[in-house]
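Below, chain A partners chain B and then partners chain C, in two separate complexes.
For the complex of A and B:
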């Protein structure tokens, strides 16, 4: 372990030196980057700044343009408009092999005819690094991904998880300042995914490279990112720290893509200085002011996360946003119980409660949602289903 | 099963015995089939070999009475054998080069690019193999006379390429399709330019396909009679053509001797290729990673 630490320390030092040479400028900078596929903008004028050493995740459903954005950064796709800078240099017209970045692929994309060692040595051989240095750096990289013993194997003799470790080693072995990850864990099973997620984050921290990570898995994004950019239809809907995005989604899309919140269609009936009122059926809900300007009387969607819904005990006085509800469905999920609470015609809330809460199906309880936890977005009921 | 009590059916022992009997029966069947098949394939070769070295051979006997190499000597006197062999090999070599030069880019385009009317294009490429060679040959020889290509090695090679290119395109487009684009992209991202990627990643991965194309090209060219007949001349006569001429003149034994010589280059290449095609070089085997 100590040997491993000193080795990784050596890599950290070299990355640190490079960091010192760099000014405060962002490491990767995209300015109105646009990419068309047959008249459809897969990436639609994206601006993005990734700081030195930061782990930024592009999160979105399939077809949102996140992988396309990544391929524009690697240069595999030529962009139709905009500029890309890496390390302060404009690389918009630089071919892929001149951009000096690491890339980890979803399907691993190892060279099938080369051994693990040859795969990892490839980027160094291309760069004409001296033989003895190649040997030590490959060994070092394989140690870092805990594959020290498997150097002589061919990729097909390895498990999926091991292959992806080889992919990781190949991407970091030439100490690129930027490493890109294109859904690197999607081809692995759930257990391994969780393990590798921590390992990737550990590598980012130890080696200090700047990482851009593409995934459609919100849990992965929340767990390993410094910042998340949520994408849809080729544009970035919101960018920010994981907790910030989770707590205050900028748009309905972001709200429903992160977590699995309650969505209820209603009408905006009142706007005051710092609060608003939404009517759902005959029930009124007090909410903070919507982020967008919404005209009175228009359709809105009320978003409430299940974990903020609480059931009041009988001694409590009735307050604002406390309603009577019938428990219409219930399921036991081990660490919690999930209730479906019907408050009104067309107004249902799912709630996560501790497993020892003893309510029965059909019971009538009082439900409270704190005003500050409500979110209101423009949109008709139809768009509620569209996620 | 002497002293041991008769194994009751269903006991472990009985089942083991039955399984062993079944295995040997299957093995016997497999060897019989394999042997028959080998004889079926090798029989004609044996007949030619024997004819080529038989002194006189009156019907009904399996082997000729006296052995001789005089037919080879006689063949030598009929034609300049080294020159014939050289012609055959030079033409075959040129045909392979031409066919790869035309076929590789075509195969790459078919495998890696979005092409409209792809089916029609493949049908067109295969057309030369679908029509009788004489149909192509007549047209080709007419054009070749106009361009002065008749009785030149390159001319005959061009004619042969018409038949080899479809093979190259078929084999290589399948090979290229097996190449994972992401692997090529990985090479680029790792810093390799197009040439480095081509040489160090693409070439080793498609080598089995290339060798198969070369082998089929060689065989096609060496064996081609019709197209050679319509484009050859005194300077470019090949072993195959000479063999046919020998038959038409009634020298069956000479024809056999020539055929034996004709086998040699293909055999050598086949053995070389056998050593080259290792399982780890097969693109197909590495695909489903």
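For the complex of A and C:
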């Protein structure tokens, strides 16, 4: 008896300690989660920690494994390797209905034969919550998504935006600690998408649940998230705060997936203590040291965001990374003008400038790109074409 | 039941058959001449092959056998005799049992077949097999393998120790009926269950519903319209079955066989006609009740 007690006590201690540490750390924890579809790893050994109350976005192109990751967390897909913890509890082998998480679908996935009220009440009904409690909590949830008046309607009698609000209410009504969003806005039109984005963020903050949000829309990800995980081919390329990822993309893929930066193929010609030189055609570009180790003379891709390219005025002295360029294309986009500046054969930069800047097509101007704003990634010109 | 109407929420849900008839009439009234022109072939066809024979049958049902003038005697005879009530009862029991067993076969089968497992295409073709064979041939074949000396009965006897006596028995008839008429229910049930968006069922699971709750509250209610459409066909076909009970029924004679016996064997056409009219009325009543019962439940979904 005593031996057993001590033994189990020790077990509880170590497990408890571990669990306590982890639950403090993360509400959702993925370790080496792997999912194969016909011998192709759709999710390839992902590690992920989502803190309590955090909004984390899985961002990536279609087929990158972001939705698959989500389906592994819900339990709709059985994982081939790894473990999943929710709230410090290992749920790897727990069936979907026992995981107590909310899920908002891309195509809403409302129950077409139930009214709005019945849809929202469903998670409570299957949990055998008392009737009066169901009524008040459904009303509360519908109020939260501003659908108080439409309880008696059927889903098909609602607009897309209203249907997704019902989907939201259904996902939060049983107060799950984790709510997952699978591209919830991609079936809505642009205006509504922006509005709903703020609404979702407001709900996250108000109710304090942990959210994992899947999208291929970088703007949505930037606007909504505490942290973004950029995914491709079943692995996470980079994870961090939106501004951090935008400013310092870890890989060329991340750089070109966020924003629409200039990419120019060149050759690495010099590496110094804290700077490097890249040659594109006959032009040399001074850059910070590349993040990856790259051998001198190898092909690289220079990435420059269009908003950091500036046109120098005539009084300025020529400096490093200031070149003459011809304006080879120009378009007016309302809040800005987009210029294509040709510096050299194979070296073009797009620049966003205020709409009142008065340059004409064919003008020769001097452009400057601050050294700190240049990014260099390994890669041949072929990878510039792709994406 | 067009989805457009419901989407607009303009027309209140009207009940089944009667609603559809009112709907059609309403549309005809506002139709353009070209629409009426397109309707003409169908209407003419219906008149020649349905309305006129139906009229003749009704007219004959009030005639006196081998005499002039009209009478209610045929109906009085039928409705006053326990023999005919037994016939009606047997017919309804056979049709209802066939329908219930068909649904019992169709639903589990559809739930299995919608997962694209190996060989599901073959099973689909096999489901259709009864429809490819002439009912008469089918009946004779069934009679041979299921008869007391047939190998199916022997097999069951060896396997379970109990003997299934299908020769000229009611449960034997039901087995034959199910073989022939279940495919209609199976096909529509399969289509209905496969038509359900898997995301909707996933939503239910994530919301906390156990597999059983998903089936009862989501899958079955959503498939109900399809199950109903197919099972009503099965019911009507079983209700009007003729060749099977003629061959395999023995003394168990359902309505269609009795109508045939009255009219063609005893050459009492008025009585046969009256029976036929009663049979048609029962079919219509069943149809209306069936549709009203299930459609109300399915449409509002209040029960879920």
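The criterion applied here is as follows: the second predicted complex is superposed on the first by the 364 of 387 C-alpha atoms of A that agree within 3 Å, B and C clash if a C-alpha of one lies under 4 Å from a C-alpha of the other, contacts with A are read in each partner's own complex, and residues count from 1 in each chain.
Definition applied: a contact is a pair of C-beta atoms (placed from the backbone, for glycine too) under 8 Å apart; a residue touches a chain by one contact, two chains touch by 3 or more.
Since this is a predicted model, take the numbers as computed values, not measurements.
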Combined model on chain A: chain C and chain B, fit or clash: clash
Which superposed partner A:316 touches (first chain B, second chain C, both, neither): neither
Chain B versus chain C as contact partner of A:155, first or second or both or neither: first
First, second, both or neither for A:163, with chain B first and chain C second: first
Contacts of A:111 with chain B and chain C, given as first, second, both or neither: both
Chain B versus chain C as contact partner of A:219, first or second or both or neither: neither
Chain B versus chain C as contact partner of A:127, first or second or both or neither: both
Which superposed partner A:76 touches (first chain B, second chain C, both, neither): both
Common ground on chain A, meaning residues reached by chain C in one complex and by chain B in the other: 74-76, 95-103, 105, 107, 109-113, 122-123, 126-127, 154, 156, 170, 174
Contacting residues of chain C [partner chain A, same complex]: 3, 6-7, 9, 197, 199-200, 202-211, 213, 217-218, 221-222, 298, 301, 304
Residues of chain A defined as touching chain B within the complex: 74-76, 95-103, 105, 107-113, 122-123, 126-127, 154-156, 163, 170, 174
For the chain B and chain A complex, residues of the former touching the latter: 180, 182-183, 185-193, 196, 201, 204-205, 280-281, 283, 285-287, 289
Partner chain C, residues of chain A touching it in the complex: 74-76, 95-103, 105, 107, 109-115, 118, 122-123, 126-127, 154, 156-157, 170, 174
